[in-house]
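Handing you this structure, nothing more for now.
When the chains are written out, they are named A, B, C, D and E in that same order, and each has its own residue count from 1.
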Amino acid sequence: MDLFVNAIVAGILLGAFYAAVSVGLAITFGQLDIVNIAHPAFVIVGSYIAWILNSRLGWDPVLVGILAAPAFFLVGALIYRIYYAAFERTGQESLSGLAFFFGVMFIIEVVLILVYGVDYRLVSASYLGKNIDLGFVGLPLRLVVPFVVASAMTAAVWLFLSRTFTGRAILAVAQDRLALQLMGADPVRIKQFAFGLAIATTSVAGSLLIMIGPVEPSLGRVYIGRAFAIVVLGGMGSIPGMVIAALLIGVVESFVSSFAGPSWAPAVAFGALLITLAVRPSGLFGRA
Amino acid sequence: MSAPILKVSGVSKRFGGFTALDGIELELGASERLGLIGPNGSGKTTLINCISGALTNDAGSIVFEGQDITRLPPHRRAALGVARSFQIPKPFRSMTVLENLRVPLEYAARGRTERRRIDADALEVLELIGLKNRAHDSSAGLTQVDMRKLELARALAAKPKLLVSDEAMAGLSSSEVDEILEILLALNGRGVAVIMIEHIMRAVMGFAQRLVVLDAGRKIADGTPQDIIRNPDVERAYLGE
Amino acid sequence: MFRNRGDVVFWIVLGAVLLAGFGVTQTIANEYYYTAIYAILQATIMAVAWNILGGFTGYVNFGSAAFFAIGAYTAVALDKWLGLPMPFLIAASAAVCGLMGLGVGYLTLRLKGVYFAIATLAMAIVLETLINNWDYVGAAKGVYILTPEKVPFFSSYIQLLFMVMLALTLGSIAISRYLNASRIGRGLAAIRDDEVAAECAGVPTLRLKLISTTLMGAMMGVAGAPYPFFVTFVDPISAFNLFVAVNSIAMPMIGGTAHWIGPVIGALLVGGAQEVITVTVSSELNVLIVGIMLVLFITLAPQGIVGLVQKWMKRRKR
Amino acid sequence: YAAKPLKIGFSMALTGGLAGAGKAALIAMEIWRADVNKKGGLLGRPVEFVYYDDATQPAKVPPIYTKLLNVDKVDLVVSSYGTNEIAPAMPIVMRKKLVFPSLFGLAVNDEFKYNRYFQIMPAGPEPKTDWSKGFFELALEQNPKPKTVAIVSADAEFALNAAAGARKNAKAAGFIVVYDKTFPPSTTDFSPIVRAIEAEKPDLVYVASYPPHSVGMVKAAREVGLKAKMFGGGMVGLQFAAIQKNLGPQLNNIVNYDFWVPEPTLNFPGVKEFLAKYQEAAKGKGVDPLGHYLPPYAYAYLQVLEEAVNATKSLDQGKLAAYMHKTTFKTVVGNVKFGSNGEWATSRVLMVQFRDVKPNDMAQFAGPGKRIVLYPKAWKSGDIVYPFNQ
Amino acid sequence: MASRLIVENVEAGYGAVRVLHGVSVHVEQGESVVLLGSNGNGKSTLIKCIMGIVQPTSGRIWLEVDGERIDLAGRSPQAIVDLGIAVVPEGRRLFPTLSVEENLMLGAYRQGARAKLAGNLDFMFEVFPVLAERRNQLAGSMSGGEQQMVAVARALMSEPRILLVDEPSVGLAPIMVNRMIAKIKELKERRSLTVLMAEQNFNQAIKIADRGYIIVHGEIAFEGASAEDLRANDMIKRYYLGV
């Protein structure tokens, strides 16, 4: 019973963090149809920035994540510009874009390695070693803080997408750009904004990642599968769907770790994805 | 009417909680010309999706030339001689116009076409449709009108016994409508049964020997064009005052 | 087999390359060249195989590494269990991975576009987990393969591997080329362009997709089968390496996906560059160069090299 | 005119997963090269390195060694770092019957049984079991005697071998194994694992893991409040300064393996000087700044080769191998004597205990007192603090 | 706020194909002007020129607001929409995987329309009750006629001064054509809209037209100052009235 509740709690905490890693991808991949395989690599950049400012100036990682987000936004917007000029304008996006972002991923990884080496990096903050003890449920702040920040960020993105005009335009832009222009919106700027927003979320997600565990430049690869699986499972672009999928993966992994032996966790999580896709081809909450 | 080539009995189709087709009964004689009309959203496209196999009906059966095809995949139906054109053109964009026609000739009409004759047959169809001069152009670059023609040409290239044309004329000029009518009539003259879905009454009236009217997923009338035009139900549901 | 003059030329070139390969093994002893070219040939098979599904049929497979690894592990398992000779191992890997491809093909029944791509990625992770837990083939610890010291006809084992790989590569290129120009190839292209329209034009889409995935799987399995004997040590992390998947996607992309020659050019170019870079610029720059090359090529020639050449020829015609 | 350079060839992981260690090793090797060339080289010839990046991909290793031997025509070869990168070179090296000094391969020669293979890691003749022997022997000495043990390891080559050895040692020493599972390398959160272990209430917890998991396990153990009496064993990563600094006091009382620590008992001739040079060279390279764990051994495996070449005055591989089998070498990691299978004749896997670690301070690990050597007896520098969770 | 639209001597085409040859058209405040002409004569092209989707090679297009002229040439479609011109495009161009309601909300993207979103939404649901029933259905799964309603409603959500409609009757059942035209008429009156409508169906178009143009092969062949004028025209008689 003890173990059972703890497994659920740990899974939820972890799941919320997965949602933070995936929310940007739910925008780029789910809504803009841009297969940004480099998304997790940007998360790692976020971790490194948190590490640099934390280890040099002692800043709080979450604070760094939030402060760096605008810079990430600009980088994202810039990358979209390049992507647009090279592929979208000529109508070559999907496949070539995939290869393009593979390239971007390698470049990010290698530049990180060249500059900072391949060592594992960690951050420190006064609260990181602490625990909230609720009887038999123990809540390490190392996971609670990311949980809270991740939830807040995901909720904010969701509200933005569903409640604002720009947000709705982001939902529409991949379907018919001319039609969106006829609504008075500039599709290129909308996409640029959306891509920037997606990359901005990686700044925060990265700072959370390095709070949870040590980070090295190629760690992002571990998250490619998870993040894409979560977005697809959630039904491509549906933020609530993505959150539920993230929690599901988190809880399943935690359960398998606790009861069946951790070595089977990936098989179970991704097996669940395969089964879901077989039964509901457009994910749990897919439209169309 | 000669022996029916197509027999649709009790066909129903639901999307979620919405009933798009509700127990449709329909018979079509060999080489008959049928007009299928009805208000927007009445289920015409859905019905021919069920006939061509793009959708499977939830209830009822579809029999083609005495064979139950209800559960057959679309390509098997195409091979048996059921061809259709799409309301929104779907050309094979990476191919030229000619190559577009090779696909049905090599697949649907396989066994009914000699391999050596494929290109000749394709050109013949293009000639008939009036697209011969664009045979080697990329199909992605065609104008709307030509895309509709290509849509029809590809259906013809399958050498069908039954051709279903879904709004092949919407948006065409009156002379082009006449052109397409001629093509369809010529084809029918060779013994091909045709189901035509069209909102252009002039075309439907000029073409169909019999009209079937759908409304909200039900068949509300079935008869000669003259009868149908005078049918008060049809007038209320479809034609308006 | 010989439908026109192009076919005759193609088969002559193929035969010539094979003969030349054999001739080289009889004259040049330096083992390095064989090991370097082995890697390029392996990449070529993977690229050609990926392209049959990804380029011709329009279904992007993210899980290439899984087929490759299962091919390798099938060979490991059968080698350990029955000690079968190489040709049987290759055939067995082809069969196993072909079946796996068949299974993946059934996914295409319901999954389109990115859903399919992600499903293949998930499949790769599930299979990696299975191998990680399968003790007979060393599980996550990895497994050693001892190769014979002496082989008939060749002066060293690597020469034998090289010839095997050369033959397999030429075989897969021939299959891919045949497909590209055949009725089946046109059916695949129709599926890529519009699956519903293809089905209504009489194309048995499911059957063709199954053929395509099965062939793809079998060819990737074939590429993986000799791998254990090449490295002599296989563990899941290196067999399921992301680079295998990336290369098999990037190479056709750089070469051009619509034509059979595209992946071959891409593989020779990228694979060749990678080999050269490994032994010349020895540092992180290596990966960086591959990354930059990928980005540059893809942005500047989105249709691949084949597309670039076609465009150029068209312009010259005018 | 100058003598023809003597070329030593190897592949090294300079990118990919093991690049951190690979680069540190390369720095150490380059220090050796400078030292030896200052002394006039080997056999009067200046020493040159020919090396290529294997990117931590085993598949890249065979082409590299064939190139080294066939194109670059190196005079001597040494190994890359780590089991997975060493094994693929073996068939090639064996075919040419070359002496093969190897850097931290775990039980590679169990398969190949090659008599010119010399492994510098002090794991002993039976590396898999020698690795964790100390942990269990220390446990046996405690009073009351602990009874149960949990073994958990990462799903990858080294960790699984170490766990297998631990299992054997635990059974031999009469402990009851109450938890025995592996976790995938991609695991992010370790608290469910630690909780599952805690549910079995083991006296001992033996962990075999790579750096990110080691960090995760230590944090989770502290958060969950693991009550085991001994915790640690085979965790890679706790030897590295950056991780030590980050974990800080959370490390206290953990008993873990190590190969070299700056305790007085291990103050071998030359090691201080070497480390000073290493620490200077490592600055800004993104590698372990203190370099206690691997670099001295990367220096030492070349020292062994150096001594063998100088003593036999030849590059004859047979003579070199014979010499290396019979000699006790004096190196910066102490005296090295190889057994018949090329592993150290006797194990010197240390069990060290973290003691009195302060938060956020890397310098504290540069000197003695923070990592007390408990085992083997010959090198002992202090007594165990038991139980772990006080 | 009086606004009018002036098109002067516009020439335009696609690549080498010239479609419009010096077309001049004007729409006054509160008018309904119909652009008649059978298929392929350039109606849609003219509308695309006004919306900035196709750039004219010569000629001018002005929007006049309270006597002040704004040059539309060279502006992007979104900038033109921002000026208060909305279009029901050829082929409807809905966002298929968004719901009906989301489609309508996007119609109000323009700065000038955002504040009135809620009121306009209610209004549209009142005018098109079917859409209220189907507000959560995905637009792509609606039938052709239903989609046309969404397209009209969506265009009106932007509070336009001028509404351009490209062939509202295409693909609609006769009864729907009647209803659609009646709706446009209703909307025009309730909103005092200025409308330019391209249509092939003369009998329907004439029901709402104040006046109209007949466009043949990219040239204005006839300008009718009133509905009667148009009805009396020879070409119309020949083509549409079967006389």
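The rule is short, and it goes like this: a residue touches a chain if its C-beta (ideal position, glycine included) is under 8 Å from a C-beta of that chain, and two chains touch if they have at least 3 such contacts.
Model, not experiment: these values are computed from the prediction.
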{"item": "Those chains which touch chain E and also touch chain B", "value": "none"}
{"item": "For chain A and chain C, chains touching each", "value": "D"}
{"item": "Identity of the chain that, by mean CA position, is farthest from chain B", "value": "D"}
{"item": "Chain whose Cα mean lies nearest the overall Cα mean", "value": "A"}
{"item": "Pair exhibiting more inter-chain C-beta contacts, C-D or A-E", "value": "C-D"}
{"item": "Distance from chain E to chain D - Cα centre to Cα centre, in angstrom", "value": "77"}
{"item": "Whole-Å separation of chain centres (CA-atom averages), chain B against chain C", "value": "43"}
{"item": "Chain C, residues touching no fewer than two other chains", "value": "129, 132-133, 284, 287"}
{"item": "For chain E, residues contacting two or more additional chains", "value": "141"}
{"item": "Numbers and ranges of chain A residues touching at least 2 other chains", "value": "110, 113, 263, 266"}
{"item": "All chain pairs that touch each other", "value": "A-C, A-D, A-E, B-C, B-E, C-D"}
{"item": "Complex contacts: residues of chain D adjacent to chain A", "value": "15-17, 19-20, 23, 155, 181-189, 191-193, 195-196, 199, 211-212, 215-216, 219-220, 222-225, 237, 240, 242-243, 246, 248, 250, 285-288, 359-360"}
{"item": "In the complex, chain C residues that touch chain A", "value": "54, 60, 107, 110-112, 114-115, 117-119, 121-126, 128-130, 132-133, 242, 246, 249-250, 253-254, 257, 284-285, 287-288, 290-295, 298-300, 302-303"}
{"item": "Of all residues in chain E, those that touch chain B in their complex", "value": "38-40, 141-146, 148, 167, 170-179, 239"}
{"item": "Residue ranges of chain C in contact with chain B within the complex", "value": "183, 186-187, 189-190, 192-194, 196-206, 258"}
{"item": "Partner chain E, residues of chain A touching it in the complex", "value": "165, 168-169, 171-172, 175-176, 178-186, 287-288"}
